[in-house]
Amino acid sequence: MARSNFLALAILILLLGLWEVACWIFTIPVFILPPPSIIMSTAVLRAPLILPHAMTTGLEIICGIVLALAVAIPLAMGMFAFPWLEKALSPFLVTSQAIPVFALAPLLVVWLGYGVAGKILMAAIIIFFPITVSLLEGFKGCDREFRVLFRLMGAGFWQTMRLLYWPWALPHFFAGLRVGVTVATIGAVIGEWVGAQSGLGFLMIQANARLKVDLVFAVILWLSLMGLLLWYGVGWLEKKSIFWRNNQQILE
Amino acid sequence: MARSNFLALAILILLLGLWEVACWIFTIPVFILPPPSIIMSTAVLRAPLILPHAMTTGLEIICGIVLALAVAIPLAMGMFAFPWLEKALSPFLVTSQAIPVFALAPLLVVWLGYGVAGKILMAAIIIFFPITVSLLEGFKGCDREFRVLFRLMGAGFWQTMRLLYWPWALPHFFAGLRVGVTVATIGAVIGEWVGAQSGLGFLMIQANARLKVDLVFAVILWLSLMGLLLWYGVGWLEKKSIFWRNNQQILE
Amino acid sequence: QKLTLMLDWFPNIDHLPIYVAQEKGLFAERGLEVEIISPSETADGLKLAASGNVDMAVSYEPQTIIAASAGLDVKVVGRLIEHPLTTLLFLKSEKIKTPKDLEGKKIGYTVPGLMDVMLKAFMSINGVENYEAINVGFTIVPALVAGNVDAVMGPFKTYETVTMAHQNLEADYFELEKWGIPDYEELIFVCGAKTLTEKKESIRSFIQAVETATAYLRKHPEEALETYLKALPEADAKVETDAFHLTLPFYAAPGGSNAAAWQQFADFSLQHGLIEKPVVTEDLIHIW
Amino acid sequence: MLSVSGLSKVFDQQPVFSGFDLTVTRNRFAVLIGPSGCGKSTLFDVLTGVTAPDEGRILWQESEVAHLGDLAAYMHQKDLLLPWFSLLENSLLPSRTGREDLKQARSRAMQLFSRLGLSGYEKYLPYQVSGGMRQRCALVRTLMFNRDLVLLDEPLSALDAITRKRLQSLLLLLQSEFDRTLLMITHDVDEALLLADDLYLLSAKPMRIIEKIVLHGDKPGRLNTPQLLAMKDMIMKRLGEDIDHGSF
Amino acid sequence: MLSVSGLSKVFDQQPVFSGFDLTVTRNRFAVLIGPSGCGKSTLFDVLTGVTAPDEGRILWQESEVAHLGDLAAYMHQKDLLLPWFSLLENSLLPSRTGREDLKQARSRAMQLFSRLGLSGYEKYLPYQVSGGMRQRCALVRTLMFNRDLVLLDEPLSALDAITRKRLQSLLLLLQSEFDRTLLMITHDVDEALLLADDLYLLSAKPMRIIEKIVLHGDKPGRLNTPQLLAMKDMIMKRLGEDIDHGSF
């Protein structure tokens, strides 16, 4: 643990060092790739400017996740309850992934206006697929013997869902959620490119048009940190939720 | 099986019908949402225009997949062999997912020129993450007893990799690949924003800016079909590769 | 000699002289082999030209001034469209006759960082105080039709008007230069300072070829258009034809940019916050 | 109490069993013994309604039922405790799903906990206690079902010799003290001989009853008597013969 | 031939065993019997080098070794056949990893296939044959290791009574005909009594040897003799006593 944290830090410093040195040696222009020192100082110094935009994007992502969950959970349950429904819907789900969402962005703007709704939908579209698929896999992975038991206990579908399938699928669910939240930032950012008044995507385009490339990269840094935060946040939530896996020591 | 195919078809027809009718009833302008009839006729009639672009994009996707595999496979093996490496690298892998790739476009042009290389890299960046993660999960899922066996057979790391871990992880690998190829189209399309001369992404942006929304949707239709083709192609490959799961009937 | 040219956006009718020069062999007869590339983003051309990764780029005067102010070492070497095409565009209606009528309305703009500043300048010059500015990206027409905004800053009077007409929508607009914004050159050619010294002759030949093509298209507009449509099969012939006739008067006449006019726009930019550091346009413009 | 007749089930064109008949009499311990993969668990699936039979009828106290859905209790070789519930919550599951009065059920469960030596462990999660304690908790849950018939699918085969022996006595307690009827699957001949009143020898797939043996004698102690040892050899031989027709 | 001394292993601050000593003598069948979770598999992990011991030494023919990495063969209750290889390929794995002459190994494997009644199934994939055939193939592979010592971790506990009985005879064949030394884990007392020369009773965690019993008599047949039956009762009692200190 300590060793790997140390290594991660070492790799990080090495990469940043190489990048910094490369910028100076090859005199890579700042407007193509600013050195990390400049990016970081911009990210810190311009925090008062960036923070409100980050809050907008953060809000969009959180709402996107909630919306995605609101769709993914009933969908996965439905497809689990009716295998023919799964077979019937899976081509549509796959197709929904192959559609480049940014192409729908202008449409969403027309339907939902320039508020946060369109961005939330964008993030949700990107997240819901991995969640649905992994939740369904989780449900399906439940051992047959447990199903027999619940059958004989006379448990109904909803009861079995709540007491058995859902906790059973939790580890899968979190795996899907973890993948989902990482790319959710991209969904929100694409949404913001299409039309927005605030948000990190908006700030990024604005900075780019003004050729303030250091600010563009500072925003990317913030976005990456938000992605990491979400990743580890979900990991933390997973650990708390699946409490029965925490300490596997056995009382003998 | 027949029932679910029938249902999928029914749902498809119903959705398309609703869409078509809605377009006429609400007189939705074609440049906002063209009815499916127009999209399909455009997709067919303009095939001579679309096809060369589709071939470019298809080539980029295929090469992107190959590149992603070339990175993901050694990476997953390395992280499997050295768990501290996994812990050390995972923050970087996660970050790589949260970065909006478009910001890197000028950088890619500087490094790789404006040929297909940049687009391939874009597609690869998007695909390699799910493949790496699921391959690693596959390796780690190998039962302890098999490891003891290989240990006692005096098998080295590479031999164990080849004879045990790799075939063991194949189902996971294909699951990751299937997720990867679906989003690869998005990767290539985003890549085509990087100074492209051709490709479906290029065609789509042009058509969009020219308010030829029917062509935009026709291109999306082509992209979706390519995504579906890849999805089912990988499924087919999976079935062929994991031949020992094909027919589970047992000789008694 | 090979030259790479990055456009400001996807190929469109504004670039017709370049395509005519390419297809009619005007580059080739000067010993040039020109590769034309689309960018992912309008600022890409300036960055890549300044760093020498493309030889030349098509850009806008306002964005070039921003780049110069940001310290990018670029030179303006020629002109493509010599007056603004950018407008504040809206659906034709009795209600909007003068900019004053935009009081209290929702106004969209296309490029944050550029068009939002232009909008602000336009409104303050014309004494409009209350309005809401919204970034609509390039979803201009749908935003207008759906009523999300009442007008949009950024569309071209030669292009969006035509696409709208083809959708049976009648557009009206305010031309910026007629409402207090200094005249500027919509599309120009830039290259990196280093590229200019290294490839001076080729770049001069390129500019000459484009000027020759412009002269040709004035004489033979129909043939020029046909040449362009052949080079870009994905273009919609009917729309492009109408757009071409509207754009025809704006293709740049031979001769370089006017440093004094540029300086006027640069000063305007500084005054309205488009740039933060002053720009001396004499150093920016290369006179052949 | 329970009888099935003419039961058939086909998987992939191969019949697992066809025309299968079986009768279980009230308050007796019926044991099914047969080779691996012969179709024992499939029979239970059909009985419990997890899968539908292709043919045949299930009779419960003279009247036909679709399956034993809420008529029988179930115990398996895996303890099937839900890891996210405490031992007590696990034991109360049948009462929850059966919408019984939980307060009353809880006090009954507590009594069983103390009866089976689990007092003080009610709040523990399954991973915190030993395998033997888990199986005892599963037994409590089986009793909490409050059903006359108990289906047991190799309930003890994962346990070590000692724990197994103790739980065998508890199974007998189910029958004698709690007045249950039991239908158990096993492939351990010793266990079958020790516990059964009615012992059914099953053939390899397609499964049918080769022989029904009725056993007598004092249960915990009878195993090492010469009669039982002789019977064991006979059963091994009979089962072996049948398997020899297959490919072993 | 093999002896370990002072072996310790700690998991999560709890010792699985500490100061554990054991000696296995050439060409004898040593059996370890103990309750579930006492640390038997962990001992094998340490012996095979899957995990490093915290303390202690492993001696192989008088000289210290880090582990038995390439000195012993291994057989498990799961057949551990790789599903992507045919039976023959599976049996040839030790020869492949040991870089032996494959041609020669193949002819040896074919002989063993026919010796164990697997002729004609060489090209079948594991899923295409029965569980008994798979375990026999695993046995062929164990013999193909060409190693004097064979470690067996509950090799038969998943099989039904008949198959189990047949494979028990094959294990004895390993010892008598193929001249192997065997160290087997089981928790089935009958099996231990049937097969062992040296029988070690183990305590619950932390694991130690409660008693070593040396057994005599004709192996396949001795089980039902009064001495053995008495011994079985004694063993059950001894193991039971020990477990009673824990929470059963």
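Every chain is named by a letter (A, B, C, D and E) in the order it is written, and numbering of its residues begins at 1.
Basically, contacts are C-beta pairs under 8 Å (C-beta built on N, C-alpha and C of every residue); 3 or more make two chains touch, one makes a residue touch a chain.
Computed from a prediction, not measured in an experiment: that's the story for all the values here.
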| item | value |
| --- | --- |
| Each chain counted as touching chain B and chain C at once | A |
| Two chains sharing the most C-beta contacts | A-B |
| Cα-centroid distance, chain D relative to chain E, in whole angstrom | 31 |
| Whole-Å separation of chain centres (CA-atom averages), chain C against chain E | 82 |
| Whole-Å gap separating chain A and chain E, where each centre is the average of the chain's CA atoms | 49 |
| Distance between the centres, which are taken as Cα means, of chain C and chain A, whole angstrom | 38 |
| For chain C, residues that touch 2 or more chains besides their own | 41, 47-48, 51, 53, 138, 142, 146 |
| Shared interface positions of chain D, touching two or more other chains | 37, 129-130, 246-247 |
| Sequence positions of chain A contacting 2 or more other chains | 32, 106, 110, 208, 249-252 |
| In the complex with chain A, residue positions of chain C that touch it | 41-43, 46-48, 50-51, 53, 63, 66-67, 70-72, 108, 111-114, 116, 133-139, 142-143, 146, 148 |
| Chain A contact footprint on chain D (complex, rising order) | 44-45, 48-50, 68-70, 72-74, 76, 78, 80, 82-84, 93-94, 96-98, 124-130, 145, 151, 153 |
| Of all residues in chain A, those that touch chain C in their complex | 29, 31-32, 106, 109-110, 113-114, 193-197, 202, 205-213 |
| Chain E residues within the chain D interface of the complex | 33-37, 117, 129-133, 159-163, 165-166, 187-190, 224, 229, 236, 239-240, 243, 246-248 |
| Residues of chain A touching chain D in the complex | 143-156, 159, 163-164, 167, 243-245, 247-252 |
